[in-house]
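Structures are listed in the sections that come next.
Okay, so chain A shows up in both of these, paired with chain B first and chain C after.
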Partner chain A sequence: MTATDDGGLWVYAERRGSSFTPVSLEILGKAKELSRQLSVEVTAVTVGNDGGAASELQRYGPDHVLELVHPLLAVHDGKAYAKALGTAIQKAHPSTLLLGATRNGQDLAGRLAVRLRTGLTAHVTSLELDGGRQLVGWVPGFGGGIEAGITCPEKRPQMVTVRPGVFLAPPEGSPTGDVKTVKVDLSEEDVGSRRVSFEPKGSSIDLTRADVIVVGGRGTGGNFGRIEELARRLGGEVGATRVATDAGWVDRDRMIGQTGVITRPKLVLVLGVSGAVQFTVGIDGAGTVVAVNRDPEAPIFEHADLGIVGDLGPVVESLLRSLGGA
Partner chain B sequence: MAQRSENPAPVRFDDEAWEALAATTNANLCFQCGTCTAACPLAENTPLRVRQLVREAQFGETDAFLWKCMTCAECNASCPRGVDIVGLVRTLRGREWRTRNVPKGLPTLLWGMYSDGNTFHLPPKQRASWMQDVKVPGKGSTLLFVGCAASYDPRAQRIARSVAALLNLAGVEYQVMGTEEVCCGEAARSVGHDGLFRDLQQRNTEAFRKRGVERVIAISPHSFDALKAGQSANGGPEVVHYTQAIEQLLDSGKLTKGSEKGTVTYHDPCYLGRHNGVYEPPRRLLELSGLKVVEMGNSRAQALCCGGGGGRMWMETPPAERPGTRRVQEAAGTGAELLATACPYCISVFESERGSEAIPVTDVAELIAGRVKA
Partner chain C sequence: MHIVVCMKVVPRPEEVKVDLATKMLDRAGARSVINSSDMNALETALAFRDAHGGKVTVLSMGPPPFEPYLRVALAVGADEAILLSDRAFGGADTLATSYTLAAGIRKIGKVDLVLCGEESSDGGTSQVPPSIAEWLNASQATYVERLVPGKHGTVHATRVLEDGKETVELSVPAVISVVVGSNEPRFLDYDRWAFAQSAKVQVWNEKELCGDPQYLGLKGSPTAVAGLREVKKAGRRRETVTVTPDEAASRIKAEIDRAKIARS
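Up next is the complex of A and B:
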């Protein structure tokens, strides 16, 4: 397809259980904003074995919802999903397709770009128009040292996968748009994988997406009960330093730092942590850092927006009291 | 812990890989005596077997546990054939970069070194934050090379401030590069990325030339080793470790002994000791403070690695495999009141892996600054 095609702006709404991945709603909001500048319509497209989830999408302001359904599409399969979505795109000629950069979204995007012979900008952290009808996807390069603005000038659709959490999902409104359900033409040979069984990973968590993290270190002495309570009241997750992880106080998937997870929460409470750089590199992207430490000379205070010098126990109790509730 | 397969697949001799290896290493000298495995501190509690790694290399194969090596050089020191096994490990790792078959986290490390000039992915403009209120003469042909750890790590910044204070006390003229300093590249060399290592060396060489530097004092033994290798290859300035520079000040009478009482044990950093044979200067400096030095069983050329070399600072090590924990226990076992060393990596590993051992960990420079007189 050439750069002149314009069948509007499509957003791939990736289903997760009976709902959608959060990033699907985030990019739907962004698509709405871009569509106003482009004067085109937004279509949210879903793929699955049935319709029915469309009413949730309608609350996020699309002009159309397109459901591509087939019994073989019950579970994400890159090959089958790419055929279903690719065929629909070749019919409707959207000029733009946004996908969330989830595992499945990335899998699908790569396959689609090849199938449609177009370009793909992967993992963008911001999106804008170049003044005309061309989308510029900004991608951090060299580990954040530079940003590259990538365009797709010759081919359509211009495709982008968007990193989860960079755009805000719009507030829910009254339902908009029409819903169209299309039965996809598919056979067994189009499916590359088969689900044998499904077992959730259980306690595994992803701190990179947490908005609030309460981190405990050596200074907690292993007393994580109240820290968990604090995290719960703040609607956040518990994180830990390497020392706290080694001591077995907290699972290793919650370890933050150089050999652990690099996080970007909006708020991080750092309790009883000295502030070695191997830890602080894991919270450099945080919005607000609040540190509590007994030692006023602790290096963690150099990284904190707000520092409290004092014993952890009383400080945590008084924080819990001021948060109120049970 | 991962285990070796009981029945490994048959290996075919890869002539091409072997010739490439023979051209860049001296692994052909190995006659498989196994002394390296016996000397390796990881043989005890990891599946890495150095002899096997070398044998596999001779067949053009890559050992499954190649990345566990800390490049501590105990094997090099014990090899009766003079095989540079550390060099071999770096070369084999370099081969893995071509197929991107490298541990998680290492590409991020290298991008940080490439784009930000440091190993922490922190902004270059923060590189001088170690200085705080330290006054640097900012003249003369001697340059204090601070290195990434002592520039950015608040714990290690104290080492840099102590070294600067000692040089100031003795009235030495020297300069620092501040925000213009870039990483020495040692971590890139350790993880096998020779290209980035040479690129950073080149940037430093040019900076040294522009500033008229004739002598470089390095704070980290890793910078010391890497800059020494790079500068002697490029005909650049003389490179010394700070313990050597301060020892000279002691010998020339510019610093005199303090009157501290107590005992200290000294951990030899691999890149200062085994890699460069600097054993005495740090010990003489500790005595300068008035403290008595108590030796650990494994000291000098037999010193046990902390576990932070060879890029291991950027790869997680399961607690059961960490030599750092054993080393702090060994230090505490001497009964000394303090554990001193002269490397920011050793310090951060010991601080993190000390477990329940209470012995304070300190750098030689921190220990003697404030305890010696001009």
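Up next is the complex of A and C:
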């Protein structure tokens, strides 16, 4: 497809259980904003074994909701989902497709981009339009506090996966747009994998929604018991750097940053973290940042409202004491 | 089963610099390592082979200096190593990279499983594995932590998702990406070291790969780097103090109280 195609802006609304992933709604909101600048229409597209749930999407302002359905699409399969979505895209020629950078979102995006022979910008943390109405996806993490703006000048649709938590989902409004349900043409050979079992996570944690986060890094020395206690006392959640999750001190889904999650709590308390850019992109949207680090030169202080230079251990104990209880 | 492991050599993350003039990553000053989740992919492949038979081939696309790293994979236990190397492959984004690797896999011939890491650390996107799967019309499972044989020549893969663990049955050929840290990669085998030193690492250039040139390298890459800029620093107060723990605690408490009121 060429750069002149303009069947509008499509957003992949990824189903999770009976609803959608939060990032689906976040990018739908962003798409709405971009569509005003571009004067194009926004289509939210879903894939599944039935329609349903479209009314939820309609509350986020799309011009159209497109449901691609087939019994073989009940559970995510990269191969089958890419065929279903790819076929619809080849018919309607959207200029842009946004997807959430969830695990299944990426599983689908990588495959779909090849199917459509188009460019894919992955993991963006901000989206802008350049003068020529072209989308620029900014991707941090090339070291040294630099981010790269990636475009797809000639091929369409331009595909972008967006990190969860970087955009705020708009407030729900009254329903808009029409709903179209299309039965996909699909056979057994189009399916690559079949779910045998699913073991839901006991307590699923979503740091993008937390109001208060207490983050521990290498400087905690793995002593997360006190960090958990502090988070509990503050009614917040525990977050961690990659060093801490790689070491197995904390579950990987508590990792904050470029590979982890992008958070925007009211307050984040950052303990024993140096402040690498791959981490700080995950807290730059926070209301207030307080950091404790014994190294006065630590870059984290550049990203903090209040920085305490000192050993985190005694500070944590003193804070726990002043919050009352054991 | 014939298992191909896609292995990438990456600069040590902390040593990479960016050349603002050329908008390119400057790897020159950085030492390299094998991408960490690729080591987990290699271990998954070797364990699968050791338990169920077959052969493991490591495949990499990159410049000639990647070759010694492929020998490391041989010393660890891989049976064969192939490097796809040509100036024509340079400047590839995920579309072109996956095309080139898929072309290499096609040339290898009968391959049942392609194992990749979940993501490469040098600006990686985790998109290469599902992209390879599409080029090969293979089935796929990404973010896999466990791989075992299933019935009728299938494999069962357990995927780590945000809301739980999903086990899927996959038809082969299949492309699988392995999550970082899902196993303990084995050490170099001393007895294999001599073999690895003298073994032949096959190097295939563009001509030998027989790919379609329109999909290779920079020309086959639809995305472009339009600009580089410094990451915007959020407007922070940046007040730094050195105080006693008790004083620190009360300062922090004041921030907490203020933050809660300010944004609720």
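Note that the second predicted complex is superposed on the first by the 207 of 326 C-alpha atoms of A that agree within 3 Å, B and C clash if a C-alpha of one lies under 4 Å from a C-alpha of the other, contacts with A are read in each partner's own complex, and residues count from 1 in each chain.
Quick note on the criterion: a contact is a pair of C-beta atoms (placed from the backbone, for glycine too) under 8 Å apart; a residue touches a chain by one contact, two chains touch by 3 or more.
Please read these numbers as outputs of a predicted model, since none were measured by experiment.
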- Task: Look at A:259 in the shared chain and tell me whether it touches chain B only, chain C only, both, or neither; answer first, second, both or neither.
- Result: both
- Message: Going by the contact rule set out at the top, does A:146 touch chain B (first), chain C (second), both, or neither?
- Response: both
- Query: So, A:195: does it touch chain B (first), chain C (second), both, or neither?
  - Reply: second
- Message: According to the stated criteria, A:281 is in contact with first (chain B), second (chain C), both, or neither; which is it?
- Response: both
- Go through the superposed model and pick first if A:63 touches only chain B, second if only chain C, both, or neither. neither
- Message: One more residue to check, A:304. First (chain B), second (chain C), both or neither?
- Response: second
- Query: Looking at the overlay, does A:228 come into contact with chain B only (first), chain C only (second), both, or neither?
  - Reply: neither
- Regarding the shared-chain residue A:6, is it in contact with chain B (first), chain C (second), both, or neither? neither
- Query: In the superposed arrangement, does A:246 touch chain B (first), chain C (second), both or neither?
  - Reply: both
- According to the contact criterion defined above, which of chain B and chain C contacts more residues of chain A? C
- Overlap of the chain B and chain C footprints on chain A, residue-wise? 142-146, 246, 259, 277, 281, 284, 302
- Message: So in the complex, the part of chain C that touches chain A is made up of which residues?
- Response: 13-14, 16-18, 20, 23, 25, 93-95, 98-99, 119, 123, 125-131, 133-135, 138-143, 156-157, 159-171, 174, 180-181, 221-234, 236-243, 245-246, 248-253, 255-256, 258-260, 262-264
- Item | For the chain B and chain A complex, residues of the former touching the latter | 105, 108, 111-112, 114-116, 120-122, 149, 152-156, 313-316, 319, 348, 351-353, 355
- Seen from chain A, its contact residues with chain C in the complex are 16-17, 21, 77-79, 82, 102-104, 106-115, 117-123, 130, 136, 138-155, 192-201, 204, 211-212, 234, 246, 248, 252-253, 259, 266-267, 269, 277, 280-281, 284-290, 292, 296, 301-311, 314-315, 317-319, 321-323
- Task: State the interface residues of chain A toward chain B in the complex, per the touch definition above.
- Result: 142-146, 242-243, 246, 258-260, 274-278, 281, 284, 299, 302
